[in-house]
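Going by the order they are written in, the chains are A, B, C, D and E; count residues from 1 in each one.
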């Protein structure tokens, strides 16, 4: 007994020593994403896009409007190559926090990019903040993330605030065209993501001073086996517009159930999440014809910005899918990092953070001018567009200066 | 209150309830006979759904026709699981079997993840897909209707098999007293293996039906599995009729209760129902 | 004074009457034998007297105190303890620990309980098996452990449910000796037993149950001659 | 049961090791590993009281864990109350909850009991998910307060956390060890083996089960509080999840239920296995680490169904023979 | 027909049976008597392979059966009525009986045997649709024996059929065995009720501490001093 326990303790000690050894020569960026567990699907897409981005940065590509693509490596650091190293959060705050600490412990990474869910981005960025280490968030959409007054936290993606504002600008526009959009049903998963998104929607509804009404408020349990009760509740309320905050593949279930139970609405709008997954459009085809959602990138963008085709091709070769908004946000985020390294001409946390604070990166990958952070670290040059699924593809339909295709309204004739 | 909506809730509840029933029947067989809580039950469901999907995607076999193959496949998976994982831990602390099936669950899920990736998949061009029957403002999706009928039929066949056949008798005898069953000339290990196979085949059939209207991905089984644990306990362990009725009850409570109380509480209602029932009848609705 | 007194005790399981208006009392220092065919209600009577069941009607008194509704675990503290028809030793504990389980009833402190248990082990002749695991012992020893554990609760009355069943003659002999020895300590004993030789040998008085009714009670000599007892229980052979 | 002297020797070795190792290896991730290891060992030992010794397998310990972490975190975020008080509140609330659920639940046997505890946990999780004061599904973040023992917050150094957990582990182990030798310990085991005979010996069964659950709930809540304060972010989906309940059970089962060293051994195996398989094999997005973890759990079960404690016993037994 | 040679059994290194040998001829009624912990039950359990012997052979109709699993031994025609009856509480009485016939394939034949059993034990017929748990002790024993006979065994092994029964019932049970033997089934019985059993059997073996210390015709044994002293207290 005694010996066995001592043996076990010794083994633990060995593990401790062995994991401490690691080395790196290039500029390493640590990426925190869910690479196992229920969100693996999203995590893997992120992984692929960062690999593409690193390739573009390290190699020489001629992409108009994308700085650092042509030059090899990071110009400000004599062309040092960028390497990306992935850490698995398993979609859990606890694991995410442990992994962040490991990143900081290993000390080879110069910057952290992550995470996917807001619930993981929050504690992980706290860890970085406490170590005064720069943390770039690519895709988490909870507006609260950039309301915490953190000094080392920056986010590239638009937030729920941007999306909801865009939705209601869109609805206002529709109203002006005489379309019926006043009765809104909101459907959201009872998670940090869903609740935050809908808080923003409710704020916009309140701000409209009675123009819009929430006729059905339908939160649902994450990971449902069926959504009949939810959909019937919506059906009973007869909304003009349904707004979704559904992160997960349940979006598929909703779409099918809407179809089965004959729910008709003029429009179905989605926050980022299940809707943006290209599989959603390609696999469900007719079922989801006419669904709309916020979109920071779709293949359709290439029609307006042909130069992005190269990136999409590279991504497609890796994953078999077209780039989507989330992936493009990730892509852009790595460029923000490179921009900061290049301008700082150093990799120590303080200099990099300082450079990030003064970022004014003009880049043509996302709607909006590019990337510039406010004092809370939120990107204020970002914009969002409305896409619609038409014949299995995402088409940008609003606002008019981005639109490539005419909108189908109502979604089901 | 709109009557059509209420009727629709009842119908939807029944349709999904029958599927829950069959999944629970598979679980209750294993649980009742061997006193083993099979944590990998949900992963069996996922395996069945993925097999059906792969047969559809690669060989173009419609899920309606691949069903027998899926059932056979899962039966085999059940046998294999028993031989490799369950048999060595029989007779030890019940938690060890639980631990083993838990490990198996992690293993299966991640092997599937490794080979097939995390994407969710949907069968959208099958014989049944997208079709529905509408009358009086009520809608019945054909895939769900066919699945529900199929699940009821299979549950009934399993019930008959267990209560009337020679093997069923041997199975119940084994469940009650393994040693005495041995003395009666019953090869109890074979009974266990077949029961495990049968349980897996049930969940396989449920998966084969489910794939007609549900998406598939490596984690899909978890939610169904958790619900089926409650259904089995609600109906009474090892009681097929109990699992069947409890499954329907859960389907109804989840739909009707979810509608009136709030969809986010629908599973909570199921758990509360269980707690109420169990405090009145400590061995479930139909327990021994 | 009657140690235990049952007045009009009836016990119904649904429609089925397991006990019908039983009136029975046991005097201080007596050994009362309880016999009757299987299902006659002997064990049910034990269960009612020890608080495992609450009888449907009637009252049970222990030294004048009404104990009808006293829960099972309190009964032991009052001074009644029982054994079980099917051996119920704590099979994963040692013999000493088994007996300590009984001693805890009077000695909450572990070391006091251990001393008390040690005395009982000496008394019952189990001292040399003190550190063996109860589950590994023979049936006779396990029954002995049960007896030891029972008297370790320092009761005034013990109820023994078929402590001889399954023992061979030599073991039975030893068990009888032990029961007599326990009796000499001043305990009152109720014994349920099928082995007629035993019950005749040790009982001062015998009560016969049949189908939930107390059909006869009296000294052993009277019982063996009673027509109703012979018909219900002993069968013709014993008549001869 | 262990002999006393042996226990104290082994126990001291472990404590000294746990205290000194992180000073020698200045690796925060290693310290994190030790913290989690000790935390789960303590948790599992708390579960072991009711699940192992008293034999009532609970699948719902997340209730107490969650209550503990919320009780420490909510007053801290809302009022800046020192978590030490919150921890105590959590423990007390957990005891009250244990009292409330114990009454109906202890009437149930075996799996019905297990599933009921799980159902209770799910209902409580739903309650917290819809409770505005604790921010529903969003959960609570620890505010950035001054470091130190008063706020139980240490930003750069993990050692204080480690030593606090170590103290609780020490208390838990010692308590379990002492309990094994008291009347209560004997009663627990008696209830597990032969409830009827125990009753005849004067054991008030439901009362002692209740004691076991209350003690277990109290320490589980304390661990929950420590967890929340260490991770600094809690939400129903993590601290009240089935995952936590199951993990506690699995660690104990792996080590050996109803055995003093079981929980520690279980977490010595499982926690590093989880952490290091993720570190070495995770990050590929292919789940190789989890394939390995699952396979190893199955293999351990197949080859050592008595738990690690069983393995050690057999090992010692054979050695004794030679 | 049954030949047991030198079997020895140990539980955890403690010897329970020590070089036990005995014979059962076809059509005989054979008893093994002995004290409770003498190993009688272990002998039957070894014969039906619930316990394995580490030494010795068992032959049944000149065929070795000591390495077969329990269910195959049952299929060879050895039916074991276990100690404590062990009927299936939740199955009906009819189902209990049918489970007893598990080794037989011809269902028509099985139904005939079922009727025979009902004739032998009329109480079982009356209550055939009731659950086993509703039976009293004596009825349980009848069911257990009938269940054993349902297999149409060539050898019926009974383990303490009288245990826990009142004298009148235990006598009845033992006499039922005699009746069954008269109908042509070989019986091996393990009993403590030495007098009653030895009066009826063709051959008896006396087991003490795992060893056979005496054997002979039933009546002979009853007369022997050893038996009279040890078991009859004379």
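A few notes on this one:
Just so it is clear, a contact is a pair of C-beta atoms (placed from the backbone, for glycine too) under 8 Å apart; a residue touches a chain by one contact, two chains touch by 3 or more.
Fair warning: this is a prediction, and the values are worked out from it, not measured in the lab.
Chain centres computed from CA atoms place E at the largest separation from chain D. Note: the chain lying farthest from chain C is A, by mean C-alpha position. Taking each chain's centre as the average of its CA atoms, chain B and chain C sit 50 Å apart.
Distance from the chain A centre to the chain C centre is 75 Å, each centre being the mean of its Cα atoms. With centres defined as mean CA coordinates, chain D is found 31 Å away from chain B.
Chain contacts: chain A has residues 36, 40, 43-44, 190 touching two or more partner chains.
Chains touching one another, given as pairs, are A-B, A-D, B-D, B-E, C-D, C-E.
If you check the complex, the residues on chain D that touch chain B are 57, 104, 107-109, 111-112, 114-116, 118-120, 122-123, 126, 129-130, 242, 246, 249-250, 252-254, 257, 285-288, 290-291, 293-298, 300-303, 305-307. Chain A meets chain D in the complex at residues 1-2, 4-6, 8-9, 11-13, 15-17, 19-20, 35-36, 40, 43-44, 47, 85-88, 90, 92-95, 97-98, 101-102, 104-106, 119, 122-123, 126, 129-131, 144, 190-192, 194-196, 222.
Residue ranges on chain B touching chain E, taken from their complex, read 166, 169-170, 172-173, 176-177, 179-188, 288. Contact residues on chain B toward chain D in their complex (touch as defined above): 31, 37, 84-85, 88-89, 92-100, 102-111, 113-114, 118, 226, 229-230, 233, 237, 264-265, 267-268, 271-272, 274-275, 278-279, 282-284, 287. Of all residues in chain E, only 12, 34-38, 136-138, 160, 163-169, 171, 192, 230-233 touch chain C in the complex they form.
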